[in-house]
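Should a chain be cited, it is by its letter among A, B and C, assigned in written order, with residues numbered from 1 in that chain.
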Amino acid sequence: MRIALFVTCLADTMFPEAAKATVRLLERLGHEVVFPEGQTCCGQMHVNTGYLDEALPLVRRHVRTFDPYDVVVAPSGSCVGSVRHQHAMVARRAGDERLASQAEAVSARTYELSELLTDVLGIEDVGAYYPHRVTYHPTCHSLRMLRVGDRPLRLLRRVRGLTLVELPAAEQCCGFGGTFAVKNADTSTAMMADKMRHVLATGADVCTAGDVSCLMHIGGGLSRLRAGVSTVHLAEILASTEAS
Amino acid sequence: MNSRHRVLGRIRAALGDRAAAPAEVPRDYRPAGAEVELDLLVHRLTDYRATVHRCTDGQVAQVVEAILGGRRVVVPPGLPRHWLPATVAAVTDENLTTEQIAACDGVVTAVAVAIAETGTVVLDAAPDQGRRVITLLPDVHVCVLRTDQVVAGVPDALDQLDPRRPQTWISGPSATSDIELNRVEGVHGPRNLHVVIVPRGDLPPGA
Amino acid sequence: MTSTFLGMPATAPRGVGHLRGDQPFPAAARRSLADPQLRRNLRHATTTIRAKSAAVIAEAPDWQQLRDAGAAIKADVMSRLPELLEQLEAAVTRAGGTVHWAADAVEANRIVTELVAGTGSDRVIKVKSMATQEIGLNEALEAAGITPVETDLAELIVQLGDDRPSHILVPAIHRNRAEIREIFLRAMPGVDPALTDDPAALAAAARRYLRQTFLHTPVAISGANFAVAETGTLAVVESEGNGRMCLTLPDTLITVMGIEKVVPTWRDLEVFLQLLPRASTGERMNPYTSMWTGVTPGDGPQQVHLVLLDNGRSAVLADEVGRQVLHCIRCSACLNVCPVYERTGGHAYGSVYPGPIGAVLSPQLTGVADNASLPFASSLCGACFDACPVMINIPELLVHLRAEHVTDRRRPTAESIAMAAAAYTMDHPALYAAAQRAARLGKVVGRRGRGLPPPLSGWTVSRDLPQPPPQTFREWWAEL
């Protein structure tokens, strides 16, 4: 299958390993990955901060860039959530009904990584090997906007060598929320502190998730604590093999 | 321009000129008419700290005696008198003052309907249930329920009730969740709720 | 002034009521976050209620169908509000009640104060009501020499503690049993000095304290959870029996109700009486629900008044996206699941409506400018939307109101300039790639963000910045 990678601006710039792992994983599974060059950012930060007019050209660019592809994947629940639940709304608000229906068409072909693997490609055992104690944070937008449910857990359970430990209060937000973390830094920090406490309570050496943004937030806090727990994107775990 | 016109005018302006017809509401939830499970009612009443007694109509007086024997009881004018044992001092509510009612230890009434799923008894101020105040001030409320008055769920109950009558829906004794969101029984209403369940048709005709 | 002008939807007036806080959310939140006792009380209470509510919702196999019906009924109500209110008015009047209309808090307070004064009583008993808190009725009554006595246990705790409510359902949620005991010992006349902090003992103390007041006060004021247009029936849902006392014992009953509380038919109650208790207190049914239709001769209040309150609601109705906030049945489920509320508590929101629903209701009632920080007081985690029994899309409303705030602001700000610049950059891939390279140079800032200007420095107070990688993904891809 020919799959277009929507890398997301944050993974592209700050966490390329998650994106590279997505490519390695899909190629290992026998698929062709293409990277449409015109892509930049889905505009989620602008929309969620109230800058819907500013987001319009980004929506237009995203739709134009990914319109030619049958299957699009992103290693980010929240960016897929934005494509699925915000792009058409931004277009409609600007009175561009044509763009709105194009956005809906693109969003129907856009998948978060665990959705692509389990629903489209129909696999749970991706042949990965990852000898670590891992806990999974479900991230709000994967959980509640996309309803990915236990798809990531099903994938993780099939990874050889991996010990999966349950995260207490897993469904609570880590406190990132984009510009929320800046505008309400104190509240965000209080939420993060509880999330870190729960991560540490699991005794895991790796905390994983399907969103680099939440991992950046949790990882930033764990790093400050020198807790010895690392944050690793789901794609990196699934891309790991005994050879790597 | 008075406030009525102003408020209605504002709302009409807010909605624009479109006159909406009543919308079709999807009612795919469980409808009225499900089978009644008496055991469920008993479980739900007990779960919310009501005390349940099951007996024949002829044994109600004994149950009331065990709960309120020797004490002062207010009763509605239409209460079947054979529910009252000789040992209670019964006062019929014929325009009693609130002080007179508050001076009673208990109250005995019938009910209009009971809901199994939620453990609720509903009073609608019929002559065998009386004015709302009599079931409010005494600390012990004994209500007598026939099994044919039990319905399965909330939709059944609303079906049978007349909105023009004042209603009190009661699910367990007075309670509060205001301290640390834990349920504690016993605030302003009766702190003891007894539900006496008698078989249908056990009631003498015309009672 | 033309009648068209008078008929324009208006927001709630300033200077009366409790819809506006005195500082923005982030500043108010900082104060609450620094109070470890408050944090513990909130965590304990919200964790308890979440578990209770989840258990009884799991018992209802048709929960989603009930939510669908509830949302549809409320949407229908909003689209037919004028005719339903007129129908309600006619039905209440036919049943012997009197209906009053109040365009705003000032009018509502005047109407209620005059009605109480007309009875000659200098004291009223009150059932907990969000509408009367919203309009500041207690202050208006006190100014007229009338003493309002709050009879709900949590409201009583707040009133005796000279405190402010912090939750829709449990206004004293921020207090634990030990603190409540102290308040009672300090402020409750005639309290037993040996009072313990056992919740049952505290409840019994309130019972003793209020008993004579209930028996001897001739006027009560309530809100209403529902009003049925076709029958004129009003409903109050409660637990303690204080509601029954107020709705039964006095000769005069005055009910203040937001215009959005009307439902079309008696049958519609079958939906809301299933949704509300399970979502709210986590019970299959709350201990007491009272319903009355006008006056019943010889039973209960013989003077029955209903005050229909606008106070900004018509302005909310004018916003086709925003109006769904008027579907709210005040269950407070969204507060109980909100990770922000759990940590900041209700006072941080300023308004009497705290939590996620408050963050989208208060700014709409007052106009966004008067509560501009509230739509941003959320991480958009979406837990509130899942919990809402009438499926109000609170995250969507938050974003909608953020956009309104951004659009309303006339002058550019540092943020709006940065956002515009970022959007421009991201719409030009060459500039975007250049910015990525610049971010790498930004490594000089260091992981602790030394030298970053506020508000970006807020991030690095508690978190390290990630190290920019030596190569972006697109650089790596280009080399493949």
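Throughout what follows, a contact is a pair of C-beta atoms (placed from the backbone, for glycine too) under 8 Å apart; a residue touches a chain by one contact, two chains touch by 3 or more.
Worth saying up front: this structure is predicted, and the values here are computed from it rather than measured.
*Asks:* Have a look and report which chain pair racks up the highest count of C-beta pairs in contact.
*Replies:* After counting contacts between each pair of chains, the winner is B-C.
*Asks:* What chain lies closest to the overall centre, CA atoms only?
*Replies:* C
*Asks:* Farthest from subunit A in C-alpha centre terms, which chain would that be?
*Replies:* It is B whose centre lies farthest from that of subunit A.
*Asks:* Need the CA-centroid distance for the pair subunit A / subunit B, whole Å please.
*Replies:* Between these chains, centre-to-centre, one finds 53 Å.
*Asks:* Using mean CA coordinates as chain centres, what's the gap between subunit A and subunit C in Å?
*Replies:* 33
*Asks:* Round to the nearest whole Å and give the separation of the Cα centres of subunit B and subunit C.
*Replies:* The separation of the two C-alpha centroids amounts to 30 Å.
*Asks:* Give the residues of subunit B touching no fewer than two other chains, as numbers and ranges.
*Replies:* none
*Asks:* At which residue positions does subunit C touch at least two other chains?
*Replies:* Subunit C, residues with two or more chain partners: not present.
*Asks:* Give the list of subunit C residues in touch with subunit B in this complex.
*Replies:* 3-4, 6-10, 41, 44-46, 48-49, 52, 61-62, 65-66, 68-69, 72-73, 75-76, 78-82, 85-86, 95, 100-103, 107, 151-154, 157, 169-170, 172-173, 176-177, 180, 199-200, 202-204, 206-207, 210-211, 214-215, 228, 231, 233, 239-242, 244-245, 247-249, 259, 264, 266-271, 273-274, 281, 283-293, 296, 298-300, 308, 310, 314-315, 317-318
*Asks:* For the complex, which residues does subunit A have touching subunit C?
*Replies:* 7, 9, 11-17, 19-20, 23, 35, 37-38, 40-41, 43, 45-55, 57-58, 61, 86, 93, 140-141, 143-145, 171-173, 175-193, 216-217, 219-221, 223-224
*Asks:* Which stretch or stretches of subunit C touch subunit A in the complex?
*Replies:* 25-26, 29-30, 33, 39, 339-340, 343-344, 375-383, 385-386, 399, 401-407, 415-416, 419-420, 422-423, 426-427, 429, 432, 436, 439, 447, 455-456, 458-459, 461-466, 468-469, 471-474, 476-477
*Asks:* What does subunit B use to touch subunit C in their complex?
*Replies:* Listed in rising order, the residues of subunit B that touch subunit C are 1-15, 18, 20, 22-30, 32, 44, 48, 95, 98-99, 102, 115, 117-120, 125, 131-133, 136, 153-155, 158, 163-190.
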